[in-house]
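See below for the structure under consideration.
Each chain gets a letter, A, B, C and D, in the order it is written, and its residues are counted from 1.
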Amino acid sequence: MFNKVLIANRGEIAVRIIRACRELGMQTVAVFSEADRHALHVRYADEAYFIGASPSRESYLRGDRIIDVALKSGAGAIHPGYGFLAERADFAQAVLDAGLAFIGPKPSSIAAMGDKAVARSTVAKAGVPVVPGTEGEGSLRDDDLLTIAPQIGFPLLIKATAGGGGKGMREVTSMEEMPALLKAARREAEAAFGDGNVYLEKLIDGARHIEFQILADQNGNVIHLGERECSLQRRHQKLLEESPSPFISDDDDLRQRMGEVAVRAAQAVGYVNAGTIEFLVDKDKKFYFLEMNTRLQVEHPVTEMVTGVDIVKEQIRIARGRQLRYKQEDILFKGWSIECRINAEDPFNNFLPSTGVITHIVPPSGPGVRIDTGVYPGFEITPYYDALISKLIVWGETRAEAILRMRRALEEYRILGVRTNIPFHQRLMDSHRFMAGQFDTRFVEERFSLESAQESVEACPEIAAIIAVLVAHRQTRRSAQFVHHDQRDVSNWKWFGRWERMRK
Amino acid sequence: MFNKVLIANRGEIAVRIIRACRELGMQTVAVFSEADRHALHVRYADEAYFIGASPSRESYLRGDRIIDVALKSGAGAIHPGYGFLAERADFAQAVLDAGLAFIGPKPSSIAAMGDKAVARSTVAKAGVPVVPGTEGEGSLRDDDLLTIAPQIGFPLLIKATAGGGGKGMREVTSMEEMPALLKAARREAEAAFGDGNVYLEKLIDGARHIEFQILADQNGNVIHLGERECSLQRRHQKLLEESPSPFISDDDDLRQRMGEVAVRAAQAVGYVNAGTIEFLVDKDKKFYFLEMNTRLQVEHPVTEMVTGVDIVKEQIRIARGRQLRYKQEDILFKGWSIECRINAEDPFNNFLPSTGVITHIVPPSGPGVRIDTGVYPGFEITPYYDALISKLIVWGETRAEAILRMRRALEEYRILGVRTNIPFHQRLMDSHRFMAGQFDTRFVEERFSLESAQESVEACPEIAAIIAVLVAHRQTRRSAQFVHHDQRDVSNWKWFGRWERMRK
Amino acid sequence: MMNIRYIATIDHQDYLIDIIDERHVALNGQVCEIDFASVGDQPIFSLLIDGKSYETFVYPQEDDWQVLLLGTLYSVRVEDEREKRLRAAAGGKAMERREFHLKAPMPGLIIAIPVSEGQKVNKGDVLVILESMKMQNELKSPREGVITRLRVNVGDSVEQSQTLLSVV
Amino acid sequence: MMNIRYIATIDHQDYLIDIIDERHVALNGQVCEIDFASVGDQPIFSLLIDGKSYETFVYPQEDDWQVLLLGTLYSVRVEDEREKRLRAAAGGKAMERREFHLKAPMPGLIIAIPVSEGQKVNKGDVLVILESMKMQNELKSPREGVITRLRVNVGDSVEQSQTLLSVV
């Protein structure tokens, strides 16, 4: 049985896993790329080893080097986190072949679910409803896809078979667009996953994206931890998740039926460890299997907040051969949880990623607030990895309390040095449709904009005007070498110099 | 009914109350002294007003000015937090006289409980057991106290009647020490509370300090939220609190009996709002009423973590005339919570307070971690107020999980610019007696020292030696103007300059 | 003490602001008591104005100030009366007509350039697609104009702040 | 490249440390691979040594370095061979015998001075009681010696770093 775990990841999720290990009394081994020497996971782990240059392909995707480090350091298990190697069956197999435990499912389950096309046919055979699409197994060429497309009907989605996180995904509204979009999707999939294969899926109108967390031990016990609402997306990237889903809310019958189907889908591939079954749910509450994520999800904390189950610790316990500590009837849902993904991107400039050194952070805190992050003041956000810098999670007794708490937490959050999408989340929290739970997967892109949303909140342009004038006035006085003998004021000049140095 | 609340306090508790108001949709009004213009409570409140110079006596203790601000700003209620004016019946009365709501008990309850001597006789009459001591009402002169002392017997405690937080408290082991210690206690009480009165109390050997949180609405409903273990103190200042108490743990019968007595003590003074009944519990689980704190406590979060009740929000609801949302049977205890008080003081130098500008903070985060704080990087810790800069609170399914989580959270916590007592808490978490729950109120001072505790942890002097050499080596090279052409290294020089500027 | 008058403009709306002294400003003639401070040596500003507490991030731009306040971003042009007069005399739009240089907001790879030199573009048109942080990012035109000087090609790796093309 | 040899002393225990190059040191002759960096421009240091990850706060003192590592504070004296030899020649204890100046760690009020000039004190004896941050703080003697030059009186308000008295 292992007592030392290598974490084959970086950022907030590597930190999250290190924390779980530490609280279980396990030793931790971090790996890092050139850009990450100063990263929090390197600082927090018991051991840390350099594995290559900054691009993922030369470091975090180098399964061979990572396994070497595990063997060299005496780690008995590897936790892959999400992204990178998390859903690579060949990597999971190589870990097992090296005599190490893989904290995740069997390679065969990853393979069965990892190829999204194979996954759909597998679960369909087990009686799980699936979204109409290219059911064929393996990879299809452009000719095949162009032939099948009209049979599925438009609008449809091109999705990466190795996919996740919206990468390599494109919406297609007509046959004419298909060839160009196929090319773009394959290129992006190739870049992101090293695998350019794609498949097609019908685009369900007004659909909700709702997923179920499951846990399965090595003795065949499988339970679900309820649902997560993940419909709020932009460019197929989740932005905000909550549990429970306001669409399911107190429809316990629907929750139970979907949960049972989720368990059945997991059992169809002999699933072990933590996993997520994603569903599309249409306006009539009909639900379709979308795909299974055979790993820990970014949004797992909202489930932890409402169930009290520490999912990462359970993953480790399961991998150590322990029986699940919970039966289905032990899982009780209390309150409401919301997660906002805080990304280094500029919501006022087309959500362009923002890089640079973070100079200052004041995180929100207090009751019902949790932050999972891998950054700190002085850390540099580089263009090599994704833009997620922090997950802000709140819990409230009710959805209303959770929303009010998230509002105050977002307003408190100060991050300087890079732009963040915090203002986007603030406007979302003020949106009446969000508050009412009336949204689908297209809401953010089609019915929400920062500009129009602003009408609903108290605007104070005159305050902004005064502040800009005061800042400009100080700068003018300063450049004019105005020496002003006001003691109170002097301290405020200091930052100008620092700021200007910083901006060079 | 009020919708705007003035917070007559500063620091973490002012921030805590602002958060509760905001989450209830209430407007907030902060007040601040000269030293606190940049404080977080000023930044987070909707409105903020200057009330005087930095010493509390000229600002946070100026009830007249604070009431003026409330009237001027249109606040309908005042929340006093803890300390400062929180337990001053005259202030509470003045608030009511000004036509404002006081978020706390009636002035008569404060008066009855505020004079610790009166409090003891009041609850004793209601059948609540009290610690033997000077039961007399009102103030006693030194002659009286010197006469009564031998009757109580030594060791005994001199305590400030207006007291709290260990200020104006002295232990006396013999008659000879009495006069000098009386003088010292009175002086400290006068400085801290503007009231030099003291009383005497028998010192119970091997005593535990265990307190019960109660909530009482205006309709006569009174419930308790279980106990908090507060035995870990230094110079009568609480350092670490937990809920439940490991001494009571699963003795539900004792918890119920003490809870009922706590409720009875509150009822004895017609208590309304949140309050705390402090007990001493001896080795045989006999318990004695010690005093009632007629206000919110520093350590309220541990109760919030195990009951799910937001105590500050309940305070506000009660003050608005609402019925308690919970009956006694609704209060269920889940898991275990521990709070460490992070003070700006040097545990390696006699716990001397540490002042200065905080230059850098990386707070712990992740599952089960809560921080309540009023500081941020760039904020200056001044000598005017107490040394508490942050409360680190964790929750775990069991006490063991909570301890392991606190350990990892303490190890993660980075605060620079002032020294903190984090290392003290780290050593406490490693102490076998703490882990086993075997401690009393004298444990920290008599049976725990940083030096001896270190024997139990892995010491790595050779690593410290290497690091000191590497830092010294870099400094030597730098002062020798060694220009070293190693790109990787150059960036590490930067801080030396900044650091040296900072230390000027 | 003499007042200093500024004109702040947000979305074509002018605000007349007089700096009276360290503790007072007038907004469109109405005097307000202020207490203005930067926080923690950062470009964060705390403004107490007639008791109300506001906190903002201020980002200086070439021609204006971006003020992020309560989740809303305001672009504020600040001028004194002389500057305002000069700009009005020059035809108002003159400053906006200066050449705009599209710079790479981060290092990355040029995936596509859907415009060519001499082409007219409208505000919001995509000028360049830059791959970075595992995302394809569309860089859009901040105003209408004509493309001049394409300085990069598809497939180029570019540095942060490198000029990609210009719009006049 | 020539090694540079240092002697680090913690609690009278010597550690012989050779700096070999940027990536290697030897501890008592045993070579270790290191990767040493300061973090976030702060006096926090991250040391990877043969793969183990340690992080410390380092506080420079007059005669030594305080290293806070895993909750333990180590006072480390660092000398090169020449310095060590000189100190040994001077009788070892010489440096510790320098006059010690007790400075106020924070502003406050002098409540009591339980010692007088010329009095012998032991390590840990209370020299001054200073009230600050609502607490009475006992300032103790860091070593044995004799009190010289009392510079303050009971009732004085003192500034941070003001010298209160000296011990030889």
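Here is the rule we go by: a contact is a pair of C-beta atoms (placed from the backbone, for glycine too) under 8 Å apart; a residue touches a chain by one contact, two chains touch by 3 or more.
Keep in mind it's a predicted model, so treat the numbers as computed, not measured.
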item	value
Contact-richer chain pair [A-D vs B-D]	B-D
Chain whose average C-alpha position is farthest from chain B's own	C
Centre distance in Å when chain A and chain B are each reduced to the mean of their C-alpha atoms	38
Centre distance in Å when chain A and chain D are each reduced to the mean of their C-alpha atoms	47
Computed distance of Cα centres, chain C from chain A, in Å	31
In chain C, residues with contacts to at least two other chains	37, 40-42
Shared-contact residues (touching 2 or more other chains) in chain B	44, 360, 376-378, 414
In the complex, chain D residues that touch chain B	4, 6, 8, 10-11, 13, 15, 17, 19, 22, 25, 27, 32, 34, 36-38, 40-45, 47, 49, 54, 56-58, 60, 64-74, 76, 78, 105-108, 111, 131-140, 160
Chain D partner contacts - residues on chain B that touch it in the complex	167, 187-188, 191-192, 346, 348-350, 352-355, 359-360, 383-387, 410-411, 414, 416, 422-423, 426-427, 430, 454, 457-473, 486, 488-489, 492, 494-495, 498-499
Chain C - residues contacting chain B, complex	35, 37, 39-42, 46, 48, 51-53, 55
Chain B to chain C touching residues, read off their complex	29-30, 37-38, 42-50, 72-73, 376-379
Partner chain A, residues of chain B touching it in the complex	15-16, 19-20, 22-25, 40, 44, 301, 304, 308, 310, 334-335, 360-363, 365-373, 376-378, 397, 401, 404-405, 407-408, 412, 414
